[in-house]
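In the two complexes below, chain A is the common chain; its partner is chain B in one and chain C in the other.
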Partner chain A sequence: MTPTGHAGADRTPWLVAPAALFMLLFFVYPFLYGLWLSFAPKEGGMLANYAKFFSDTRLWPTIFTTLKLALPATLINVGIALPIAYRMRIKTKRQKWITTALVVPITLGTVLVAEGMLTYFGPRGWLAQVLQFLHLYDGPIRLTHNFWGVLISLVISGFPFAFLLLLSYVTGIDPVLGRAAATLGAGPWAQFRNVYLPLLIPGIAMCFCLAFVQAYSVFPSAVLLGAPAGPTRVISIAAYEAAFEQYDYSLASAIAMMMGLVQLVIVAAVLGIRRLVYRGPVTGGKG
Partner chain B sequence: MSTLATTAAPYDAEREARARRLRGKVWSGFLYGLMTIFLVNVFLMIASVGLNSIAKVWRGTWLPDGWTTSWYFDAWKEFQLGDVLWVTFEVVGAVVLLSVLLGVPAAYALARREFFGKRWLIFLFLLPLMVPSITYGIPLATVMYQVHLAGTIWGVIFANVIPAMPFVILVMTPFIEQIDPNLESAARVFGARTPQMFLHVLTPLLAPGILAAALLVLVRTIAMFELTFLTAGSDSQTLVVALYYAVFAAGVRAPQSVDAMAMVYMAVTLVWLLVALQFVNPTQLVSRVKEHPQPA
Partner chain C sequence: MSSDFKELRLDNVTRRFAHADGRTMAALDGLTLTIPRGEFVALLGPSGCGKSTALNCIAGLLPLSDGAIWLDDTRLDTRPPEARGFGMVFQNYALFPHMTVRRNIAFGLKMRGVSAAEQAARVEAAVKLVQLQGHEDKLPGQLSGGQQQRVAIARAIVVEPPLVLMDEPLSNLDAKLRLEMRAEIRRIHRNLGRSTIYVTHDQDEALSLADRIVVMKDGSVRQVAPPADVYAQPADLDVARFMGYRNELAGTLHDATGVVRTGSLTFNGTSKGKLATGAPVRIALRPDDLVVGDGPNAFAATVDGIEYGGRESLVDVVTADGARLHVRTPVAVRIGESVRVSVPPTRTLIYAA
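And then the complex of A and B:
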C-alpha cells in the first residue's frame, strides 16, 4: 500500500472482501451444493428425491402440517401486535417497561420456552390448577404434546418479535402527520385508517414475512411440545430425520429446498398483495 | 326554532366527544389487558421453572412440598455444565470477535463507497437474516461433515457467524453513516494509512456502535439453537443445545434437574441481556432501528 493513498487507487471497497468471501464459502457454496445434491439422489434419476417427497405420505403432508401451524401463529402475532404497537407509539415510561419485558421471551429462545411451557401449561401446571380452581374449565387440560402446545409456543416467541418490529416501524412515522389529520377533524380511527395504515403497509408486510419465516421453520418446540410423530410433524423435523437419522443428505437437502420454496411462495404472495393494496414510496413518513 | 338548534348542537358535540373518549378507554383497556395476560403468563411460566428447580417434590399442588438446592448440583454433574459453559463461552466469544472483525470493515465499505456489485453484496448479506437457519443449516451441515468441520468447535463457530456477521453490518451501517467523512480526510492529509485511520480515528468514534453490535450478537448467539444443533458434536455443544437434549430426554431424568439447568441457561442469558440493555434499545434485537427524533 502506498503511503499517500491516492484517490486513483481507492482500496476501501476491498474492505468488504473478507466478509463477502466468508459468505461465499459458508453460505452460498453450501446452499448451491445442497441444491445440486438434491438432484443427485442416492438412487434413481435426477428428480428421484422430489418424486419421493411428493409420493411419500410421511413427507409431503409436512408442508401443510407446518402451514397449519405457521399461518395462524403469524396472523395472531401480527394481528395482535399491530394495534398494541400503534397504541404505544408515543414514547413513555410504560412503553419502555413493556418493550424491555417483551425482550425476555425472545432472548430466552424457543428451547427454554418449551421447557417452561411443559411445567406451566402441563396437565398439573399452574394454569390448569387455576382454571380448575375457578371452575372455568373442568375437563382435562391438554395444552402440551399436541398442536396447541406448539401454537402457543409460536405465539410466546413470535408475538414479542412482531411487536418490537412493528413498534420500530410505527415510531418511525412522524406523529405530526396524525396531529395534522386531527386538526382537520379526523377521529382516532380515521387517523389510523387514512394516515398511519397506508404508511405502515410496507412494514406490516415485512413483519408478516419475517414472522412467517420464523414460524415456518419451527423445530425445537415442535419436537419438545408437540406430537412429533403425528399432528406436529413439521417440515424441519422431516428434513432433520432424513439427514441425521437416515443419513440421506441428498433427500434432506431436497426437503430443505422445498422448505425454502414454500417460504418463497408465501413471501412473494405477501409482497404481491402489498403491491395490490399500496402504491407509493417504500419508505414512508418523513421527507 | 333557532334557539333550540344552537343549544342542541354543543350538547351533541359534547356527548359525541364523551362517547369517543369512552370508546378509546375501552379499546386501550382491552389492549393493555391482552398485553398483561401475555406478560403475566410468560413470567409465571418462568417462575414455575424457577420454583420447580428448587422443589423437593411438586405434583399438582400450588407450591412444592419442600425445598432443596441439590438439583443444581445434580444438573452440574449430570449435564457436565462446567464443560458446556466453557464451550458456550468459547463459541460465543469467537463468534462475536469474528463477526465484528469481518462485519465492521465491510459495513464501512458499504456505507462509504459506491462500487460495482454493491447491491448484490447487500442482498447477499441480507439473505441469511431472511432465510431460516434450518433451510441453509442442513446443506451447511452436509458440507461440514464432508470436510470434517462438523462436530468440532470451529464448525459451530463458523455456522454461527453466518447470521451474526450480517447483523453486525446492519447495526453498524447507520453508525458509520453519521460520522463526518472530513475526519477521515483529515487523517489522510496527515498521512495516516487505512489501518492507522481505522485504529486511531474510526475505532474510537465507532466504539459505542461496535459495543452495541457485539452485545446484540452475543445475546442472539447464546440463544441460537438450530445452527449449533445441526453442526455440534458431543463435545462442542453450547448451553442451549445441551438444554434441548436434556428436555428431549426428560423421561430419563428428574424434571427438577432439567429445570435447574434451564435456570442456569436463563441466568446466563438474562445477565447478558441486562448488560446489553444498558447500551441498546430493545427493538434493536429484532431490527435495525435508527432513533427517530420525536418532534415536539
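And then the complex of A and C:
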C-alpha cells in the first residue's frame, strides 16, 4: 500500500537505492575491476598470473603460511571467548566491568598493540625480565619477530571481536531454558552441553567465519611482529610486494583473488556444516 | 526423593531482596505450609504478591534468605535445583526448541541415567497421558500453544516427581483452551497422585483446580483455606477485594452482634475478626449476593447502568446516599428505575477499616 495515494506502483523498493548504489560503487565495481585485472597480466595469456602464483615458491606457500596463523588464532579466539561469554550471560555490575575490560583491545589499533608487544614480549621485555628474575624460565624468550608474535597479536586483537559476537548470541538464548533443564536434573555442565551448546552452534559457526576472515587478511602485525621474509610471509604481504615493490597490479590482484577464494572456501565449508544442525528460534515457547 | 513421601513442609520460607539504597524488602515473608501427598495447592494473588518468588524458591531457582524446605525428613533447600527432583512447568513453557517432543519429554529421564528402553516406554506413557500421540517427532515450533503446554507438562511429570510446580501455565492460552487445559491439569494431577503447587492470579482457576488456596499479598500469606472458604469467607478486606467482593461501604459498628450504620442505612452483617463497638468498619458485598427485591437489609436505590450478560446482567445502582453498588441479577430492570435491593446478613461481611 502506498500511503501517499498513487494506486498500484509500490515505491518502497527505492528505499534501498542509496545502499545499493554505495555497494555498487565501493564494492562490486572494485571487485569486478580487480577480477578483470587479474586476468590481464603484464605479459602472457589470461591465466598467466594464476600460473605464476601456483608455480612460484614465494607465492603459493603463502596460502598455507597464512592458514597456519589464521586457523589457530581463530580457534583460540572462539575457544576462549565461548566459555567467558557463557559465564557473562547473566548481567551484573561486576560483569559489565569485565566485559568492558575485555573489549578494550578492539579500540587499540593493530600497530599500537604491536608496539606494546615489542616492548613487553621482546627478548629484554618485561615478561622475559620477570620470568628470569623469578627463575621460572631461564632460556631465551623469543615471542616477537616470529610466528608466535603474530599469533599472540592476532589473539589480542581478534578476541574482543569474537567475544562480543558470541556474547550477543549467548544472551539471546532464553535463560529460562537453562532453569528448565536444571529442574529436570541437569547440572551446570549438562545444561551447557545439552541446551546452550546446540543452540549456540550456528552462532559459533558465524563467529568462526568472521574471525577467520579477519585473521586471514592479517598484514600489519605480520610485518611488525613477525618474520615477514620467512615464517610469517602471509598472503597479504605477497600481494603488497607485488603491487608496491614490483608495481605489478595485475599479479597483486590475482593474489588478492586467491586470498578471497581461500576465505570463501573455509567460510562455505563452515556454513555448510552449520546447515546440518538445528537453526531456529532460541526461546522456549510463546509469550 | 522417593514417590512414597508423606508430606512436603515449607517452614518460614523467606526471600529478601536488597534495594540499591541498602534497604531490604521481603518479596516472600515467612511462608509456612504443609502439603500432604496428593494435595493440589494454589498460590493465588495479584502480580508482585510473591507467589512466583515462592515457586522459584521451592524449585531452587532462587536461594532462600531464611527458612527451610523439607520432604518428610530430607532437607531440600540446601540442594541445587537439579538435585531436588521436582517437576516444573514454566509460564512460557521453556521447551528446548532444538529437541523434538520426544527428546524434550525424555530429557529428565536422560539426566537421571534411565535406560533407553525404559525412556521410550515412559515417554510413550507420558505422551498418552497428555494426549499428544502422533506429535512425538515434531519440534516445539511446529506445535500450537496448547500442544506446547502439554509437552511442558509431560516433560515435568514423566520423571514422576513428588511435587509438580506450575507457574501460571495457562496464562498464554486463549479462553477456550484455558478451560480445556484446566480440566486436563486436574485429571493429570488425580492420575499421578502426587502433589501440585500451582501459581496463578486468576481466582476462577484457583477455585476450580485447588484443594487448598493460599492467598498472598505483598509477600505475606493472608489466608490458607479450601476454595469454598476463600470464596465465601475471606479472611481480610484485601482477600475479599481479590475474591470479587466489588462493593464496599464505609460505616461504624453500632453493635457488636454485627449492626453497621453507613450514612442513612443500617445493615445487619457478619463480623470478620474481633471488632469493637464504635469502630470504623467496611462492609464488603459480592455482586452475586445482592438481590433485586425486598428482603433482609433492604434499601432503595436507582438503576444507573446495565451490562447485559445472558442469564444475568450486571446492574449498577446508586443508593440515596450516593453510594454506587454492583448487583448481578436475573431481574430485568430499566435505567432510572427505582428498585429495592436486599442482602442476607450472612453475606454482609464486616471488616476492620
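Throughout what follows, the second predicted complex is superposed on the first by the 261 of 287 C-alpha atoms of A that agree within 3 Å, B and C clash if a C-alpha of one lies under 4 Å from a C-alpha of the other, contacts with A are read in each partner's own complex, and residues count from 1 in each chain.
Everything that follows uses one rule, which is that a residue touches a chain if its C-beta (ideal position, glycine included) is under 8 Å from a C-beta of that chain, and two chains touch if they have at least 3 such contacts.
The structure presented is a predicted model; accordingly, all values stated were derived computationally and were not measured.
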Query = Just chain B (first), just chain C (second), both, or neither: which does A:Trp148 touch?
reply = neither
Task = Please work out whether A:Pro198 is in contact with chain B alone, chain C alone, both, or neither, and reply first, second, both or neither.
result = second
Key: Residue contacts with chain A in the superposition, chain B compared against chain C   = B
Message = So in the superposed three-chain picture, is A:Trp60 touching just chain B, just chain C, both, or none of them (first/second/both/neither)?
response = neither
Inquiry  = Let me test your reading of the model: by the given contact rule, A:Asp174 touches which partner, first (chain B), second (chain C), both or neither?
reply    = both
Message = With both complexes overlaid on chain A, does A:Leu108 touch chain B (first), chain C (second), both or neither?
response = first
Task = Using the touch definition from the top, say if A:Gly187 reaches chain B (first), chain C (second), both or neither.
result = both
Request  = Figure out whether A:Tyr50 sits in contact with chain B (first) or chain C (second), or with both, or with neither.
outcome  = neither
Inquiry  = Identify the residues of chain A that lie in both the chain B contact region and the chain C contact region.
reply    = 174, 176, 187, 286
Query = Contact residues on chain A for chain B in the complex?
reply = 1, 3-5, 10-16, 18-20, 22-23, 26-31, 33-35, 37, 80, 83-84, 87, 91, 98-121, 124-127, 129, 156, 159, 161, 164-165, 167-168, 171-172, 174-176, 187-188, 209-210, 213-214, 216-217, 219-220, 223-224, 236, 239-240, 243, 249, 252-253, 255-257, 259-260, 263, 267, 286
Key: For the chain B and chain A complex, residues of the former touching the latter   = 20, 24, 28, 31, 34-35, 38-39, 41-46, 48-49, 52, 59-60, 62, 102-103, 105-106, 108-110, 112-113, 115, 121, 124-125, 127-128, 130-136, 138-145, 158-159, 161-162, 165-166, 169, 188, 191, 193-194, 219-220, 222-226, 229-230, 240, 243-244, 247-248, 250, 255, 258-259, 262, 265-266, 269-270, 273, 277, 282-283, 285-287, 289, 292, 294-295
Ask   = Which part of chain C faces chain A closely enough to touch in the complex?
value = 59-61, 80-88, 90-98, 107-108, 111-112, 139-141, 145, 148, 152, 155-156, 159, 165, 171-172
Note = Touching chain C in the complex, chain A uses residues 174, 176-177, 179-187, 190, 194-195, 198-199, 278, 280-287
